[in-house]
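Each of the two complexes below includes chain A, the first together with chain B, the second together with chain C.
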Partner chain A sequence: MVTSSIALLEANSVLLQSGIIEGLQNLLQPDTFIVQTINGIRFGFILFLIAAGLTVILGILDVLNLAHGELYALGAYVAASVGGFLVGEGTAAIMAPPSSFDPVTSFAFVGVLILAALISALILVPIGVVMETVFIRPIYERDQVYQLVLTFALLLIIANMIEFIWGSNPQKLDLSTKTAVNDIPTFELLGLSGVPSIVTLIMVVSLVVGVGLFYFFSKTKTGRIIRATAIDREMATALGVSPDRTFTLVFALGAFLAGFGGAMELVRTAANPGMGESALVLSFVVIVVGGLGSLRGAVVGALVIGVLQNWMTVVEPSLESAAPFAVMVIVLLVKPEGLFGTWGERT
Partner chain B sequence: MSETLLSVTNLDAAVEGFQVTYDVDFAVERGKAVGYVGRNGAGKTTTFRSVMGLADILGGSIRFKGTELTDLRPEQIPKHGIGYQPEDRKLFTGMTIDENFRMPIWTLGDERGIDDEDAAVEDVYDIFEELSERRQAQVENLSGGQAKMVSIGRALALKPDLLILDEPLEGLAPIIVERLKEYIEEINDRGIAVLIAESNVQHVPEMVDELYVVERGEIFDSGDPMEVSQKRDVQELMQGSGQE
Partner chain C sequence: MLEADGLKKSFGNIVATDDVSVQFGKEDGEMVFIVGPNGAGKSTLVNLLTGLLEPDEGAVTLDGQDITTMRADQRVHEGLVRSFQVVKVFEEMTVRENIRTALLIKRKKTGGLGPRAIWEGLFSLDDEHEAIERTIDDLVEQFRLDDVEEAIAEELPHGDRKLLDVAMSFALDPNYLLLDEPTSGVSAQETDYVIETIVEVSESQNVTTVTIEHDMDLVKNHADRVIALHQGSVHGEGPPTMLETDQELRRLLLGVEE
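What follows is the complex of A and B.
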């Protein structure tokens, strides 16, 4: 009894010294808590877009694509170029950012911005198709070590290509683009300041894409054929499903989602050389927490990791990176299969 | 004059590098029912999987309506008019009965000339009426017999000329076996040729027009179902293979 009390006191002392308790008190301030949670949900949605592609590819193709994070980064870089062309301040741009909020102009501008993100993500589709058909398809039957080595090589190649094309400096949209979006009142209408409208935009668009993804897999013929292939590839083949075509489609979809996530994130921040690696690592944590290959698990895992990491920026910034991994370790120890089942049986 | 739908000649097939069938010859004529019985491990499933392009074929020929199937990829075979119920059902879990029935139509309906998806599915429910009331049930919630029916129904959805059934009666209660036999006979009465594998010779002869007995990957005997099944060496062979 005495020993455990001393241990508790010691633990408390460590927490006090490290400022964790003070950080927790800060986090629990209503405004801070709401803002950090909303930011975490925004980050969770982006993580979901990346992890969804990763988990679908893993669940159906049985390939852990280490280059997936670079597709996310590539999406951001491509969006920097496409966005600069479509909504930049240059004379060639389709639409310049409005200087102040006007319902029609501002929402039209957001529409063009989303169009830029969609175009950027679509540009990644043929890249995904080439990756699957040329590089990954020949080694499906080989040991997974080959797949890891190959996709790691693709990671490095894409990262180098990014640097070759855009250089090592971060790429971002014009500041006026961000300002134009933030001028649209969103959370301010709810009396909440501190959450820029860019966050709202990312959350809403990602939510729509996420809902669309679930609809695709649960209601459309193609989506259900993909699920059937994930559940039993051989039986699906015996019913006329072409595995090659399905795998290419899945890989293209994964590339689209990663690219779209990168493009949407560019609205908020700059594309930079390291963003692909950190996205890959966190996405991996997400799919381990949610269940390898589970789309529903990816949603829950992404929101848990996104919110937790944002909370930790207030509680104890030095633990921000470690917190997601701590969750992953706990899940692996308590529920090794992840919070949800495997891909295919349920979307 | 009868038309040969499926003609298997000198089939040598392997599983994971080991040869399982040796010089297998058999044929199925349009509209007929053919039994393919043998003990567990005799090579029935490998033979059927060979027809569907799912086994490693070392030699021989498999022709269906004049098309050499061994030249085709597995996904190209069903569109020629072969429906397949695998040994272990292999239903798409997490989906409903209805979704399982529609799946082949979604993949090959156009190529099979099915322009009314709902009508094609209703044709399947017309045979398996007891599934009609549960069409939105998840397949993992079905009994063993109902799951077999869904697996057969799914194979029927593309209106095949030949239905391949791999042990459709295996592991079912006697009353369910009798119901399934009636369903299979009804399917055959509709003009669809049926090729049935069973490890229990007892149920098959009364359902089929011709019977093949397979042992150690080779055709052991074949001919009139009643005559073949009554032969002493066949009965001795099949003893211990699950006969009741």
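What follows is the complex of A and C.
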């Protein structure tokens, strides 16, 4: 009894010394809480775009694609170049960033950024197709260890290619572009000042893509065929679905989503070496928490991890990386199959 | 005409089929039953014909075309369709959704995943096509699933699940349909009903149906032709009366001499 009380006291004082209590008090300031939560949701949406591809590829191909995070990084770098071209050379002649708020120009920049993200994501599609058909297809029949080693090799190759092409300096869009977008009032209209409109843009666009993904799988022909293959590959084959085509398509879709996520994140911050690895690790946590192969699970997992990580930046930044894994460990202990089962659910 | 020519397939030391040559198919379709004791090579033969297995020796031809190395999914688009011994339906979809899925894939060389099909598939809702819905109506009625058409597949009685499975095969518009023990696991009361329905639809659509079946009464009642396998080889083939007249076959199938 006595020892445990002392232990509690000690733990308490450790908490106090580390500033966690203070951090929590800071987080619970209404303004901070709302701003951090919104930022967390934004990050959750981006994480979902990455994790969705990872989990669908895992669910259908049974391959854990370790190079998936690099597709996200590549999307960001490509978007830096494409976006740089579009807002720089491409449009400089007709739209110079305005010195004061000009709605037409600001909304035009929004359009340009969305276009840049779409182009970047589409550039990722053939890369995903080549990865699947050339490298991964020959070893489907092998043990999963081979797939892990191969996709790990692809991870390193793409990471090095990125450094070879873009160098080791972070790549970002011209600041004036962001300023032009931030000039459009969004959360400010609700009386909230701490959330720049570029965050609103990322949230809205990612949400549209995410909703589109669910629509794709539940309502469209192509989505239905992919879902059928996920439920029972042998049966889908017996109905005349080519597994090879399904696999390539799923990989291309995953590359598109990861690339789009990367492009969206670039809009706010910079493309930098190492962003692929951390994205892979976090989206892996997301799909374990949500349930391997479950799309709905990926949504919930991504929001939980995204929000939690942003809260932790206020509460105790040194624990920011550990927090998602703590959640993962708890989920694995309490509900090992994840919050949602596997794929094939009625979306 | 679907032809197996000298098909041989071994698994390790076990010879599953040994030089099997059979032919199926007439202009107006026929009901062929494959019989034989366990381990006779019946399922292996069906798997070889439909492309789930590749033979060690021999060839499969379909209407004169050599399809020995053609993938299973491609054979479906050539009109060669199969069902499995275990019921294979999309458990979480309704009866109608199951059939709709089969219809979406039907007879497109790319299995509905060619570049053009994907592009169109992105924008077209699968349930907006009148023609598809009418085909579903027809199949649901033919297979006597009208009462349960909106039920989730996994909640159906086993006989209905099997009928749904076969209905999906018919949705693919086959010329040749290979059924691996469609009455397996179906209760005694439902067995007649399931087989009768399958035979009725097969005949009305002039489909050549090849069925593996253990219930000899069903075979006698419905077969145009019977092929008996034993230890991987064709023991004999002929009209269903051979089940009565061939004493050795009777002994093989029943395991006892009556």
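One rule holds for everything that comes next: the second predicted complex is superposed on the first by the 325 of 347 C-alpha atoms of A that agree within 3 Å, B and C clash if a C-alpha of one lies under 4 Å from a C-alpha of the other, contacts with A are read in each partner's own complex, and residues count from 1 in each chain.
Heads up, the rule we're going with is that a contact is a pair of C-beta atoms (placed from the backbone, for glycine too) under 8 Å apart; a residue touches a chain by one contact, two chains touch by 3 or more.
Every value quoted in this text rests on a predicted model; they were computed, and no experiment measured them.
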### Partners on chain A (chain B, chain C) - clash or fit
clash
### Query
Touching A:A228 in the superposition: chain B (first), chain C (second), both, neither?
both
### Query
Between chain B (first) and chain C (second), which does A:K219 come into contact with in this model arrangement: first, second, both, or neither?
second
### Query
Who does A:Q309 touch here: chain B (first), chain C (second), both, or neither?
neither
### Winner by number of chain A residues touched, once chain B and chain C are compared
C
### Query
With the two structures laid over each other on chain A, which partner does A:T55 touch: chain B (first), chain C (second), both, or neither?
neither
### Task
Answer with first, second, both or neither: which of chain B and chain C does A:T237 touch in the superposed model?
both
### Message
For A:L249 in the superposed arrangement: first (chain B), second (chain C), both or neither?
### Response
second
### Task
Determine, under the contact definition given at the top, whether A:N65 touches first (chain B), second (chain C), both, or neither.
neither
### Message
Give me the intersection of chain A's contacts with chain B and its contacts with chain C, in residue numbers.
### Response
221, 224-225, 228, 231-232, 234-243, 344-346
### Task
Provide the residue numbers of chain A that touch chain B in the complex, in ascending order.
221, 224-225, 227-228, 231-232, 234-243, 344-347
#### Entry: Residues of chain C touching chain A in the complex
50, 71-74, 76-77, 81-84, 88-93, 100-102, 104-108, 110-114, 117-118, 120-126, 168, 172
### chain A-facing residues of chain B, complex
52, 54, 73-79, 84, 86, 90, 92-95, 99, 103-104, 106-108, 111, 154, 158
### Query
Which part of chain A faces chain C closely enough to touch in the complex?
216, 219-225, 228, 231-232, 234-243, 245-246, 249, 344-346
